[in-house]
Structures are given as C-alpha cells and as structure tokens.
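Multiple structures are listed underneath, in structure tokens.
Look for chain A in each of the two complexes below; its partner is chain B in the first and chain C in the second.
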Partner chain A sequence: MPERLGSRFLAVVGHPVTVALVVAFGLGAVVIALTGGDPAAAFGEMLTGGFTGSGLRNTLGRMIPIVGMALAFSLAFRSGVLNLGGEGQMLMGALFGTMTAIVLPGPGPVVIVVAVLVGAAVGALWALLPALGQTMFQVPLLITSLLLNYVARATTSYLVRYPFGEPGAAFATTVAVPETNRIPDFQLLGGGISISLFFVVALVLLLAVVYRRSVFGYETAMLGYSGPFARYGGVDVKRKTLAVMGLAGAIGGLVGSHLVLGETYRYIDADMIAQTGFAWTGLMVSLLASNRPWAILVAGFFFSGLQIGGFAMERSTDVSFQLADVIQALVIVAVVSRLGLTWRRRRKLGEEIGPPQPEMEAAHVGEV
Partner chain B sequence: MTTELELRGITKRFPGVLACDGIDLTAERGEIHCIVGENGAGKTTLMSILYGLFPPDEGEILVRGRPVRFNSPLDAIRLGLGMVHQAFKLFPSLTVAENVIFREEPAKLGWIDRSQATARVKELADGYGLAVDPTAVVEDLPVGVLQRVEILKALYRDASILILDEPTAVLTPQERDRLFEVMRRLRDSGRTILFITHKLAEVMAVADRITVLRNGRAVAELDPSTTTPEEISRHMTGRDVEPVRAGPSKGVGEVVLSVRSLTVEGAHGLPAVSEVSFDVRSGEIVGIAAVAGNGQTELVEAIAGIRDVEAGSITVAGVDITHLDVAGRRRAGMSYIPEDRHRVGTAAAATVAENLLMGYQRSDAMRRGAWLRRDAVVEHARRLQEEFAIRVSDIDVAAGTLSGGNLQKVALAREMTHDSPLIIAEQPTRGVDIGAIEFIHSRLVAARDRGAAILLVSAELSEIQSLATRILVMFEGRVVAELDPDRVDEAEIGLHMTGGKVASA
Partner chain C sequence: MLAQLVDVSLWESVVRALIPVLLAAIGGLICERAGVFQISLEGMMLAGAFAAVAAAHVTGSAIAAAVTAAIAGVLLSLVLAFGAVSRGGNAIVLGVAINILAVGLTSFLLPQLFGVRGSFQPEGGVRIPGLVIPGLADIPFLGPVIFDLSILGYMALLLVPATWLFLFRTQFGLRLRGVGERPLAAETLGVSPTAYRYAAVITSGVLAGLAGAQLALGNVGVFTEGISSGRGWIAVVAVMLGRAHPFGVLAACLLFGFTEAFGFRLQGQGYPVQITDALPFVVTLVALVLARRRFRRLLDLTASTV
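Up next is the complex of A and B:
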C-alpha cells in the first residue's frame, strides 16, 4: 500500500510539530551563522552533548522535573483551568518536604515517603488558594495563581533564611538532608540517576489511563472542551476546578521535593529560585504535547536534551547555551501560531462528513 | 431582463465529500431568487464560494456578464455583493451608524464626519422603509432591527446583489412580513436578492424564482406561480414528505413539571422571568411561544439548573428541584435539548461517542466504580448512531465536523434515549433541514405518546401549532396568554407575542 504510506509520510512531514522543529532549528542556524558561528558544528555538539553518553544520563535526570511540571500544568489545562502557579506550588512543596525529611525521625524509606507526601500536600494547598478564589469569589485563577508565585518565592526565602535556615551558613540554606532520608539513585551510563525517573514514567502511565478510561478523566476533558456543555451535562464545575488544581499542585510539590531529596539534598534558596524555570519549561512541553501524557514524556525528553546539549555546545563551540532556550521558544511560537492551525483545519476537513460551516469571527450580537 | 449574476458549473470538493457538483444558477437584475435545500445540500458552500470565502475547484462566476475571481469577501464586496449572515456581525457597543460605515467612514480632514454618517444612514434607511434610528446603540436593539442594520451595511456599500442567509429564523411573523416588504422594495429598485431558506411558505410568498439544491446539485429551477410547496419539498428531499401531525394526545396524566411563581434575574438586575406559574402533565406537549429575549431562555435555563432562581419553586415528578444541581435534576428525571447546540448541547472538539455519553457518565450502565465501561460507552454510541440515523463515518470523529442537523440528532439522541419523564426541547429544529425536522417531530410525538411531559420552546409558530397540546405565550418575562392551538391562527399568537400590539420599530 505505497499510497497510504505516502500519505502517512506527508502527515508526519506536514505535522505542526515537525514544521515547528524545522522552523526553529532553521532560524537558530541563521542566528548562529549571523554571529559568525558554524551552525552544523554547533548543532552537532548539541546533539552529541544532549543525547549520548553522560549527556544522555543528564538529560534523563533533567527530564524528571520537566516532565513532572508539564504533567502538573497539563492536568489543569486540559480541563480548561490555566494554572500559572506551578513554580510557587513547587517551591512550597519543596521546602516543606525538605523540612519533613530533616526533622522527622524514623527509618529512611518511611521518612522519604512521608516527606514527599507532605511536599505534595503543601503544593496542593498552595494551588487550592487561587482555585478557591475563583470558585468562591470569581477572582480569575489565571492571575492569582501567577501572582502567588511571588508570594511563594518571598515566603520560602524568608523561611529558609530565618526559622528553617542553617545557623551560621554564608548563604540562605537549610541543613543537609540526612543521608538515609535521600531519594536513592540507580546506575546508568556511568553515573547515577534518581529513581524518581521511574515514578515520573509511572505518573505518565497513570494519567494516560485516567484521562482515557475514568469518569474523572472524561468529565474534566469535557470541561476543557466546553464549560457550558459540561455544566449542562451535570458536571460540577467548581468541584472539578478544585480537584484538578489540587492534583496539579500536588504534582508540583512532588517535583519540588524530588529536586531537594533527590538532587541537591539541601534547600538552597538561590538554587531553588533558579529551578523555577522547570515550571515554565514544563508549560512549554505541555503545549508542544497538547496535554497528552505520552507526548509530554517525549517532548520533555527532547527539551531536556536541548538544554543539556546547549551546555555542551557552549563548552566546545563559541555559541552560548542560551541558543537552546531560543530554539525552545521558537518551537513553541511556531506550534501555537498558524502552522498548527492550518493543520487542525485540514484534519477537520479530512474527516468531514458535510461541507464546513464557515464562521467568520466577529462580534455576535445574537444575545442582546 | 438582464442577467446580474451567473454561476456556471461550480464544483467544490472537500476530502470525501462533493459539496457542490456542477451547480448552474442564473439570477436576473431585480428578482428575488430563492435558494432552498436541506442542510448539507450545498447552500452554505455555494454562498461561501460566491462571497469569496473560498474558491471553487471548477466552474466560473460571472457578475454582470464579466467573469470574476474572488480571493476574499473584500473582492466580492467591491463587485457589489452583500451578505447578511445568520449570526449578525456587529459591534454591540457602537451605534447603528458607526456599524454601518465601518471601514468606509465618511471623513473630514482625517476625522470621521459623524453628522454626515448619520445623515447618509438615515437617508438610506428611509429610502427603503427600514425603520432604524442611526444613533441607537446596537446592543439595545431587538434582533429584528439588527437584521435591518445588516441590510443597511450591505446597501451602504452599494450592494447590487444581496445574499440573505436564513434571515427569518429570528423574526416574529410581523417582523418577517416587514422584511418581505423591504425585500420587494429592494427588488423594485433593481437589486438582486438571493434568499436562502428552509421554509416553503416563505418561498411561495416572496420568490420570483426558485432553485432547489440537493446533494450538491441544482436539481430544479421552479417558478412559484406554477409550483406547489409539495413539489418543492419533493425536489428537496427526493421523496414525499408528510408533515408530522401530532394527532390527539393519548391521554394526559399526572403533573410532571410544576413551576410556581418563578422569578429569575436577568441582565441589569431586572427580572427576566417574573412570577411565572404553569404545569406540564404526562402525555402533553406544552409549547412556549415568544419573541427572542422575552424570558423564555432564562425560564428554561432556570428549570434546567444552569441559572439561579430568584424566587418560586420548580418540581419534577413530585421532587422539589429548585435548589438541586444539574446532576440532581437529571436524576430526578429531566432531559434537556438546549437551544445552543454548538456550545451547550455538544462539545465540538469531543468525539461523537463522548458527546452521546454526557449526562450519563455516572449511570450504572456506563461505569464500574471510577472507571468508564468502554464497551458500554461504544455500544451505546453505536446504537444511538443507528437508531437516530446520525450520518458520521465513525463514532470517534470530532462532533465539530458534523452538519447542523446531524449535530442536533446527537443532542436529541442523547436526551431522548433515557425515557425521562420530563423533556425540555428548546428550538429543537432551528436551522435543520426538512428531513431532520420531520424526524425530530416524530420523536417528540412518540415520547409524548409513551407518557413523557414535554416543554417545547420554539420560535417556529408552525412547529408549536402542529405539536403542542397547549400554547403559553410569554411577553416581557410573563406568561400573557394560554391558547388552544386548534382555535388560534398564527396572526393571533403573533399578536400576543408582541404584547397585544403590532411590533413597533
């Protein structure tokens, strides 16, 4: 069936993600060439640095927070809830998870589980604040969730400087988490990767099944497609908003706890503020993957590799690692702009039964 | 007579569908040319091609004898085409004059010349008997007037060919008659009107010539003086259509829906529904007739549970549902076919199967604990697809790709299949074709005969007259009359709908 193969090939080539990647790398190459670099060499370094050997190990490690934060964002976003508070939820969860691991006595594995759950709970509570604001007082969640990030930054900075801080330290940090209470690594490619990787993959699997197979997954998806339709069908919009925000915050808190218990072993204020970038990379990954869990895993791996590869590229060529950020941003811009829209229209027409109903967008005055 | 517009062999393919199949159409200067056909017959596609929204695959368009090619609606407007869409495209916060002159503002030293704009719009309006105040703000105007503003927009751009896409759907009988007068006046001034409609009575009343489309082809060109509605309908459907006669009710039983002193708040804190009381009994269809914006929408939304009740009570089958949520009301035995099938009745991005599940995802048949029973969901969807003849290649196709009539069948199938004691049907046949109307009507009558209580809200008086056991007329939020459909005519209902007076303005 060469014809079908041909059309599938075209579908992949014409897919907005493919187009976006070509456009992003093409523009990236132009930028490198304009600044006097060699695009082929730079991209070569990026690929080998991000996707081979120890670079691949680092990429897999970096995937954990990126995929985690992408799952947190997508969980709310696919229900039509725009949660921009990922970084705050992550920070609050991280600090309280860390403190639990520091102060709680008991056998290591138990302490780790409890600490991570405390991190998840605090992240969830932090996410519920804007959700309650919206469901009870109609304060837009989009804005409050974003602004609470600054409150979270200030709050965690304060706590880690004063009540939770290590006495006499030169910078704002907690004491180190006892060795028994750290999330262990496993060995791969000549080094350690946190076992959190398995939990992130398990979470992808779990969410994929919940989205497709559960009543909750169905109701939240319908809510995301059309709020009025879901409400009309008896979906409790307020409860669902609270639920998806609580779950998104919990995932954020888990990711934050992992960043300390599995990576740095101390909550260092300046470090953690820098790590908030994962929340935004996660948002981009989620957009690229259209909120689908498996696609998030792939896109998260790709973006993680770009970032790790970007560092390698900077080490061995004159091109700055920020180019990786530029390419990420270009991919997203290309995906969310027209390139994607034409594809969506084509797909719609491809499955068309009747002729399309052209509806030009303009002010509709039908409801006066 | 001179030919104003000619379409030759217009063909348009969409993947898997031949939307227009070599359509020929000729419209003379100064004629009202009706284009009729069921949904999916190709009317919308043909008009979109004519208005430059997309190019035909084959065929040509001639305007005043000259072949033309439209790349966008702006090209079409430049050549004298004007279109009045079903959904009005106006700026609610601007005045009539500002809307009309948009993009072609009369200017003085770079500033809009408002007095000249107002004067020109007024002159145009008076010239064609379009009663419109140019200084009125659009959001304060009723729909009938908005339509006149749309017509003015086209006339202001000096449109010699006016396309009216189902313009009467939102009008009262009186407003409709006034529109017909305006159309005749425009025709007499030498303009060409393409009038798209489903309603055969309107075709007979106003057409100079009729083109019938079916399955993408122009199957007949008819002269209204020598044809009959039955013949047109035969061409449209390719068969004889018997209008559904509800027939006498098989016996009216217990009260199912009981509304008492219901008050619902509307915009600006004013009551949209005030002190409304009525019952709907098992085995009867109660029709609510009202001009758009007189509280019928708010009444239905309050009963359905998507709008708060200010005062009063609603009971379904003996259960007080006034303060229950939507899920609770559905459990109490309410099904609801909403007016806005695109936003409320279905979700365009969801699959047909997902759309057919809504409202019953928590029923025992469809789930096992927290998990959906995929096999039951799929089987349910396939059964409904077959039973309600929903034309779709697969139940996993996005609902947004379905035509209007098919989409309505999705909502209808879902709401009718659970044998609810109460069915609320809001504009169930708006914008769907004759075949689907017949189908929907027969389903409603069948539901009535099995003992359902049906509340039918419709702007189609003929629909209410042929189906309803009783008619309640709403005006300004109140029930102003209860009528027997066998004893009143359209004109009398229309009079009550406008508060006992002929519509002003």
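Up next is the complex of A and C:
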C-alpha cells in the first residue's frame, strides 16, 4: 500500500497542472523580485486578499463572468472549434441585452428574462458569422472569430456613443437600467453577490451532464477528437459546428448581459472594453480544466481569487495587480508546453516512437 | 474620390501603416514555410513596442531600443519554439497564451517600472531615425512614398525580395521549405526540422519585436497599452492571403495599409473614429471570404473539417 500511495503522490506532484503552478508562481516571484518587490509578502497578500473575508465574496462574484466565459469556450473547444471570438460575442450580447432592459416596458422579472435572452441571441448571431464563414466558405473561424472582436469593439463603441448613448454624457454610456430591471443580489459574507452565480453553477451542472450523457455531447466530443472520424461515424460536422458556435456565443451574450444588468447597470463603453479580459481569462480557465465543467468551476474559482487578490496585493505592497494576469498566462504556457514530470514507463516508451509534430492534430485539441 | 486616391500624402501614410504589419508578416511567413503556425505575432509586437520604449527611456538610444525590442520578441518566440517544437504542444493554444502573456506583462511592467497606467512617453523623444535617400527622394510620387522612410521601413521593404531570394534561391531556403512540407523527408536527408523551426520562430520574434519598435517609436514616440491593436493578427491574415509568398504577403499588407490610411482620411473628414478602427478588420474579413478555398491546410490544422 505505501508504494501505491507513493506513486499517487508522485503523480500529483508531477501532474502538468502542479508543475505549471510551481513554474508560474516561481517565475512570478522572479518578476516581483526583479522589479524591486518582496515575493513572499506579495503572494501572501494575494492569497489572503482573494480567498478570505470580503475578498472571497468578490472572488465569488468574479467567478460569474470568468466561469461563464470558460464554459462558453469549453463548449466550442472540446468540439475542436477554435472560437477566439468570446470578446465580441460578450460585448454584442451585453449591449443589446442592456438596451432591451432599458426600453422594454413590463414587470421587472419578465423584462430581465427577455433582456438576457436577447443578449444571448445577439451573442449567438455574432458567433454564427464566423461559423458560417467556415461551413459555407471554408474560411477558418479561428481567425475570423478573432478579427470580429475588433469589429465588435468598434460597433458597440459607435452604438453606445451615438444612437444608444445617454445624451449629454461626458463619456460613452447608455442611461442606467431601471432599478426594477436589474438582476438582484443575495447576501453573503457581509455583502451582495449577484444571483447570476446560481445560474452559472447550474450551467456547470447542465454542461457536465450534456458533455458526458447526451448524444450531442458525445458527437461534439468525437468532432473534437477527430473531424474525419466523426464524419465517418455519421456526425453532421457543419451542423455541429454551427450549433456549438451558436451556443458558445449565446453563453457569451448571457455573461455580457449579466455584467451590465447584474453589476454596473449601465453599458459604459470604456468599462466594457476593459472587461473583455474576462473572455481570455475564461479561455485560460477552460484550458487549465481541460474543458471539463466541474474542473472549470474549481479553476475559475482559483483564477478569480488570484485577480481579486491581485487588487489587495497592489493596495498593500506596491506590486501592481496585473501580476495575476502574468501568472495566469504563465500557468497556461506551462500546461500547454506539457511540462508534466512523468515517472511512468509508458510515457517514455511513447516518446521514443518519435517527437510529436508541432502541427496540431485533432487529437490534441481537447486534451491540450 | 479618384483625386483622393492618387494623392501622394495618402500613399505616404499607406506605406507607413503597412511597415509594422509587413515586418511581422515576413516573420510569420518564414514560420509558415517551416511548418509552424505562428499566431503570437500580436503579442511579440506588443512586447517589442514596450521594450523599445523602455530602452529608449533608459538609454536614450534608438539602436538600443530596436535591439531590446528584438530581444523581447525573441524571448517570447522561444516560448513558442520550446512549447510547440520541442515539447510538441499545440501551437495555436500556445500562440494565444503568448499573446495573453504579452498583454499581462506589458500592463504589469508599465506601472511597476514607470509608475504610470495607460500610456508612457519616454524621456528624450527618441525615434527610429528616418533616412531621406538623396536624389531618389526627389522623384515625383515615388520619392516621398518609398524613399523617405525610417530605417526599419527600408528594412521591411528590402526584406521582401531578400526573403524571396532566401526561400527560393538558396540551399537554406530550400531546406526550410522542405522542413515545412515534408519534415520526415528532410530529416532523412540529414536536415534537422527542429533546428530550422527554432530558427524560423526566433526570426519571427526578431521581426515582430522590431515591428513593435517601429509602431511605438516610428511616428509617435509613445507606448500605450494594447498599442499593437490587432496588427499582429492582420499580419497572420496577410500570411494566409499571400499564401506565405513574400510578394503575395506584401500585396496583402498593401491592402491593409491602404485601408488603414483610407480610414484615417475618412476620420479627417468627420466620419466617426470607429469606422477607422473597424475598416481594416472588415476589409480583412471580406478578403478572406473572397480568397476562400485557399486555407485547407489551416482548416485541417484547426481540426474543424467541413
């Protein structure tokens, strides 16, 4: 038994995620030291600031967009659909969801539901553009979905500044969403957290079931492992590509709508552009979690805590909060570079067959 | 409208706009020829811009700025080379991660080193020096357009034929293409795909870093967060549209340079700034759709088959 425990221990220590965390925090410490800070103090502030007291509450609140965008990304990525357009899908959904909540008359709860559904629909439509580009014109959506982020930024900026903007405002913003049409908070740890958190957790649960138990989940996973194989097995690749992109965009639109209806209550252009970072954090969370919903919840909690902790760290140690972004990116670089330590024979034998080609193969997509 | 199009000053800004994109795209095309899908140009360009401004601030020297920018690009490119070539990691995901890393690092170091957020103007007003070629600069039209550039501008334009010569008229170029197209065959003949791919990726790091230096210290002399603003991605598209051929890539870069310059002109006539921002990307997307069925390899690469 001790032997098995020992190998278990080694497997955890050598796991790519463990190694990645050690490498990332190690390099982060070097960066802090080089720029004249105290790594131990900075990391201490980061962890206590992100995972205790009111910081923990803020971390839970920040999980909403981060886990949400991670789920959106996982949906496409596990199907081998490389959707880099989360930013744009989020922004477009946010703006149209907000406008619906502002102009639509009716009882609050109904308006909220309609507004977030409009946000989801617009996010889905925006995501379908690159998907259709790929299925109809064979233009890789990897690149088009990304380029559309810049178009979405310009489009939302324009709309918020001119037709949808608050007249006479000093900066580009919509008017405030009426109080009845805002997503309510619940009380926890001495403050409010948007009830959207429950919906995000429900979405984790839902996707966990869909991925593992449904035909859709199976077929899209096959698509991720191997496109030709999935097609040979009778999967309609085009329709599945459109479906996962539409759903990913819809989740992006939901997250965007939440950011206004549940947090800021106004669509402020500069503010929303700054929040596009959630799309990329979400992408990294999904990669770290190998696109598995429950793991996304855990990784999302961790990354949210690092970001919230980063603010606390900046307040008390003069190390700026963007260190959290640096560490997160380093974690992902290390994970993707497969910096795992293996003690097992099997891996070594596998490596002798020949170095893997740098070109990506379908089989590597899901597993990263 | 036509009078505007042949206007010399428009073409001057076309060439200025295309230079950073062209520098990065040449690096991208060399990687593509070596069989490495390079999408971290955006991040390397951003890092290069930051490094150039930081070095200009500290040393007051344009040469030091350019060298530091190239080093910053190379350091990031080594992440891709190590992860994708040595470790067999997914080049696309690594590229995305490197871009995010560059955004994080530059926005972290900006307040950390210089105590400012958003943008930073180095002391001394260092610029990448310009060079007016005597005689040639007096040629009507062509003179001001292509004989009155920064040093890096000439470098970018000269690299186009130089890269063509290298790829199609030298032994190393032949081997590089061999590594990209038939890595096993190349290896059998004693050509190391790893070495060639490292060299290609590092070259793209140098060029994208210099592209960043040109961006930050070419005209304005300031670093702003996200200064690359998608130009690295446009360079990726230029490689796709130009089919990784130096002159094709130049033509694609001309299209983008023209779009950007034209957008600025529209802005000058009172059109909203968002049109300027969106135009290069909209034109790029349209060009991609028009040039469809050229991207099979990339489609296979991204696994989503149609």
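Here, the second predicted complex is superposed on the first by the 338 of 368 C-alpha atoms of A that agree within 3 Å, B and C clash if a C-alpha of one lies under 4 Å from a C-alpha of the other, contacts with A are read in each partner's own complex, and residues count from 1 in each chain.
Going forward, contacts are C-beta pairs under 8 Å (C-beta built on N, C-alpha and C of every residue); 3 or more make two chains touch, one makes a residue touch a chain.
Please read these numbers as outputs of a predicted model, since none were measured by experiment.
Of the two partner chains placed around the shared chain by superposition, chain B is the only one that A:Arg213 touches, whereas chain C remains out of contact. Shared-chain residue A:Ser337: touches chain C; no touch with chain B.
Contacts of A:Gln134 after superposition on the shared chain: chain C is touched, whereas chain B is not.
By the touch criterion defined above, A:Arg231 lies against chain B and chain C together after alignment on the C-alpha atoms of chain A.
Contacts of A:Met284 after superposition: chain C is touched, whereas chain B is not reached. By the document's definition of touching, of the two partners only chain B reaches A:Ala221; chain C does not. Residue by residue along chain A, chain B and chain C are tallied for touches, and C comes out ahead.
Touching of chain A by both chain B and chain C, each in its own complex, is seen for residues 226, 228, 231, 355-360, 362, 364-365, 368.
Within the complex, the chain B residues that touch chain A are 12, 14-17, 19, 39-40, 42, 44-45, 48, 53-54, 73, 85, 87-92, 138-143, 146, 170, 293, 304, 306, 325-327, 329-330, 336, 338, 340, 343-350, 354, 357-359, 361-362, 367, 370-372, 374, 391-393, 397-398, 400-404, 406.
Touching chain A in their complex are the following residues of chain C: 35-37, 79, 82-94, 96-98, 100-101, 103-105, 107-109, 111-113, 183, 194, 197, 229-230, 233, 236-237, 240, 272, 274-275, 277-278, 281-282, 284-285, 288-289, 292-293, 295-296, 298-299, 301-306. On chain A, the positions that touch chain B within their shared complex are 213-216, 218-219, 221-222, 225-226, 228-236, 348-360, 362-366, 368. Chain A makes touch with chain C in their complex at residues 31, 35, 79-82, 84, 133-135, 137-144, 146-148, 150-151, 153-155, 157-158, 161-162, 223-224, 226-228, 231, 237-238, 241, 280, 283-284, 287, 319-320, 322-323, 325-326, 328-330, 332-333, 336-339, 355-362, 364-365, 368.
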